[in-house]
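Below is one structure, written out as structure tokens; the observations come after it.
As written, the chain order gives the labels A, B, C and D, with residue 1 at the start of each chain.
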Amino acid sequence: MPDQKPVFLVLGAGAGIGGHVAKRFAAGGYHAVLARRSDEAGLRRLVDDIRDSGGEASGKLLDASLPDSIEDLVEDVERSIGPIHSALFNLGAQIGNRRLEDTTYKAFELGWRLATFAPFRLASALLPRMAQRGTGSLLVTSATAAVRGNAGQHSHAAAMGGRRMLCQSLNAEFAPKGVHVAHIVIDGPVDAPDTLGKMLGDNFDAYKASKGEDGMIDPAAVAETYWHLAHQPRSAWTHELDIRPYTDTPWWNDN
Amino acid sequence: MPDQKPVFLVLGAGAGIGGHVAKRFAAGGYHAVLARRSDEAGLRRLVDDIRDSGGEASGKLLDASLPDSIEDLVEDVERSIGPIHSALFNLGAQIGNRRLEDTTYKAFELGWRLATFAPFRLASALLPRMAQRGTGSLLVTSATAAVRGNAGQHSHAAAMGGRRMLCQSLNAEFAPKGVHVAHIVIDGPVDAPDTLGKMLGDNFDAYKASKGEDGMIDPAAVAETYWHLAHQPRSAWTHELDIRPYTDTPWWNDN
Amino acid sequence: MPDQKPVFLVLGAGAGIGGHVAKRFAAGGYHAVLARRSDEAGLRRLVDDIRDSGGEASGKLLDASLPDSIEDLVEDVERSIGPIHSALFNLGAQIGNRRLEDTTYKAFELGWRLATFAPFRLASALLPRMAQRGTGSLLVTSATAAVRGNAGQHSHAAAMGGRRMLCQSLNAEFAPKGVHVAHIVIDGPVDAPDTLGKMLGDNFDAYKASKGEDGMIDPAAVAETYWHLAHQPRSAWTHELDIRPYTDTPWWNDN
Amino acid sequence: MPDQKPVFLVLGAGAGIGGHVAKRFAAGGYHAVLARRSDEAGLRRLVDDIRDSGGEASGKLLDASLPDSIEDLVEDVERSIGPIHSALFNLGAQIGNRRLEDTTYKAFELGWRLATFAPFRLASALLPRMAQRGTGSLLVTSATAAVRGNAGQHSHAAAMGGRRMLCQSLNAEFAPKGVHVAHIVIDGPVDAPDTLGKMLGDNFDAYKASKGEDGMIDPAAVAETYWHLAHQPRSAWTHELDIRPYTDTPWWNDN
């Protein structure tokens, strides 16, 4: 018997925003499907957490850079679990600051492949299904690099700038068909052990302390905003918003 | 005995966004103070509605273009009802499309006085109090004219463009003090009898029908988003977002 | 006998951008009319410089904040010198950084009066004349504060944000009538003794030295860009551009 | 004996903007190197035109989507003709409006390869050389799709949005080293037989007539603006500007 719950799918389900949004949707009555590239044990923990709280969840390891990986996942989930009502694309492509001479073609292409092409592939596989059902939402986590390029951000900014324009293009085609696309600019450091935590390593605790209380974005708080976006009535949809800690300088301000 | 509930103040409390947000905050446990320029009976109805639903509310007629009106209101509310925890500036200054030659100096100045200077006055009276308390939020309803000027919008666009930059400036000073300023771009027609309804008169119903089901922004839906914004934890604040019906073309797209 | 040269009018003709643009237009065959608020000797020097180089110029002291001052100037120039083919609005309203509590209502209103209302008045007096002639251009010097608000910039950002949206609104109405409106974001310090020089006083030389060679915007270079804009063929008009020294960080970047 | 003229290189040298800019730089004293993908006869005509006018020019057929093509061209030109002082990246990736279901992965990737990766490759090959010489400029022709996505523009908008953020990122790294990067948003139809002309075929003349006199962007006019940008003194550089005919509605306006 197929699952009767609406399905929520997240690509990029680490212990930060991805995992917390999955948890929030499961708590709200969705079957959450969590997909990530590696760390089977970490993925298992996230799924078990949700189940232990009485929610429904599935996990899937998947390399989004490989052909057919995203397409097959969408197909599998829709067939074996149920129609995907809401999805979150949560893969980033931050590789730290690198001078142009140190930005290889391979790194530049990989940035595009993960940050621009992968959401296009997810959209291609998923949005026509949602459009046919007349309802659905696609949330896209994005970054400051989507709205301004900075020194050393050649790969990241190009990939994220493409992502943002893609989201506007998808929204223009699919909003009138009842499918809500939202582009969220995360404009500050996220308290996320799987991404920023790994980048900073042993320095993560010191960095966190330096930001002060509530000085890093709490992914659980972000999850509430994502939940809100995905449930705005269709007469009042938001396409783009920014999120940062109260202590952080917005990208447009002097530092 | 002073009121123990947190206080929510709205300037521009008609039967559209202003009234619905007041209702939402009252339902959420705030004492809602509704201020508007005219129509005592309409104001009374809004306040009674809230009270009938078990909420707390007060009403006040007030001409925001007059000296001291906003300042005295803030002072009065803080003294007689309690500290204002959250406020909504909801006055617009749309006067319809007018060619430059038909845009009088008086109309241009009034646009500024209501749409740029009035929120500055509210901020001047209120934000330092909130900063001293280390918490609070100011929501500002804005319009597409804040992000692009159009033919015939000389007065409105200049006033709203000023409003948006003011909000960024206020945010830069007050966010680090724990005060959340949010600027909301309403990029579509609101199903609001007191504003758009009055502008269109007898044509309102026909216009509404032409937009189709959910083709006009439901102010009750907007109220949920405002409530969400005002209650984002300080580690994850949004400064700017847009709202429109799913059927409406965003301002940046071709029509 | 009326002057046969096309007329160029600048409001805000100090020794920085305003004076240099006047000089450039005079060199290019215009009769330059230079208007500024004070410093008759300084104005005289600018006019004499132009005349000594074989150009035509007139000077006028004028307080743009006073009623009818701008309107009368346009009327006078058009009647006594000739049709204004191109104009530059070059008045700023930077008052330095001030906390909200230190930003008086008077300062906020004066910012609007000089930076938003004054260009609206110039446009109202001038653009319909240009539209009737089917040709003309209005250049508007603007500032970073027109595109982002910063802490302490409450008055300046609100005024400049209004200016930018006004320019877009004017462009939308008047471009199809053959009148070119351009909004130029000066995003760096100008080597201008009359404005930045006066603000910094004795520290100006030290500041300039600290910026290094070519580290401050040369107003003569800006004048070439303004000249170029005013003479773009109507099939290829620019509405907005930014200008800064090569050493300066653009406003959208981290510092 | 090596050529003593400064060298100007254009990728995408058709009979529109690319060819006219090459002509303008040759007239201004540069040796112009024109590279394009196909139409050897057309390329020959452009080169001969320049030579017949007394200018210096070379032509090169080159498929920018192939590995090493751009890199080898830069290397060849620098060795056999001289240091490239200024370059224009003028390749577009407009494929017309296509629904998401009709936008193949191949088309999406090709858009990126030509419109985002190719300018990155040019920058990688060229900007470090310019930085070492402490001077140079890279002009990048861009499109409205770089600043907003539209329905059917999934491939184009993603590619151009990436291009714009790349340019900001390059500017942030290279401006302080004396290399000027400019991103020009062409926001209207160009009177270009090789691109728009080919897209419209027999309808080109009717389309052109429908736009009225000066209703299409004259590439010769654009060439003057590009020339101006490439020769702004380094104290007053422009990073981004827009160009459209006076009759055309800017992208941010209602149509």
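Worth a mention:
Keep this in mind: a residue touches a chain if its C-beta (ideal position, glycine included) is under 8 Å from a C-beta of that chain, and two chains touch if they have at least 3 such contacts.
The structure displayed is predicted, hence computed values, not measured ones.
More C-beta pairs in contact connect the chains of B-C than those of the other pair, out of A-C and B-C. Computed from the mean C-alpha positions, the centre of chain B lies at a distance of 34 Å from the centre of chain C. With centres taken as mean Cα positions, chain C sits 45 Å from chain A.
With touch defined as above, residues shared between interfaces to two or more other chains in chain B number as follows: 148-151, 168, 171-172, 252-253.
Under the stated contact rule, the graph of chain-to-chain touches is complete, every pair of chains being in contact. Across the complex, chain C is touched by residues 168, 171-172, 175-176, 178, 180, 191, 214-218, 221-222, 224-225, 228, 232-247, 249-250, 252-253 of chain D. Listed in rising order, the residues of chain A touching chain C in the complex are 147-151, 251-255. Residue ranges on chain B touching chain C, taken from their complex, read 99-101, 103, 105, 108-109, 112, 116-117, 120-121, 123-124, 127-128, 145-146, 148-154, 157-174.
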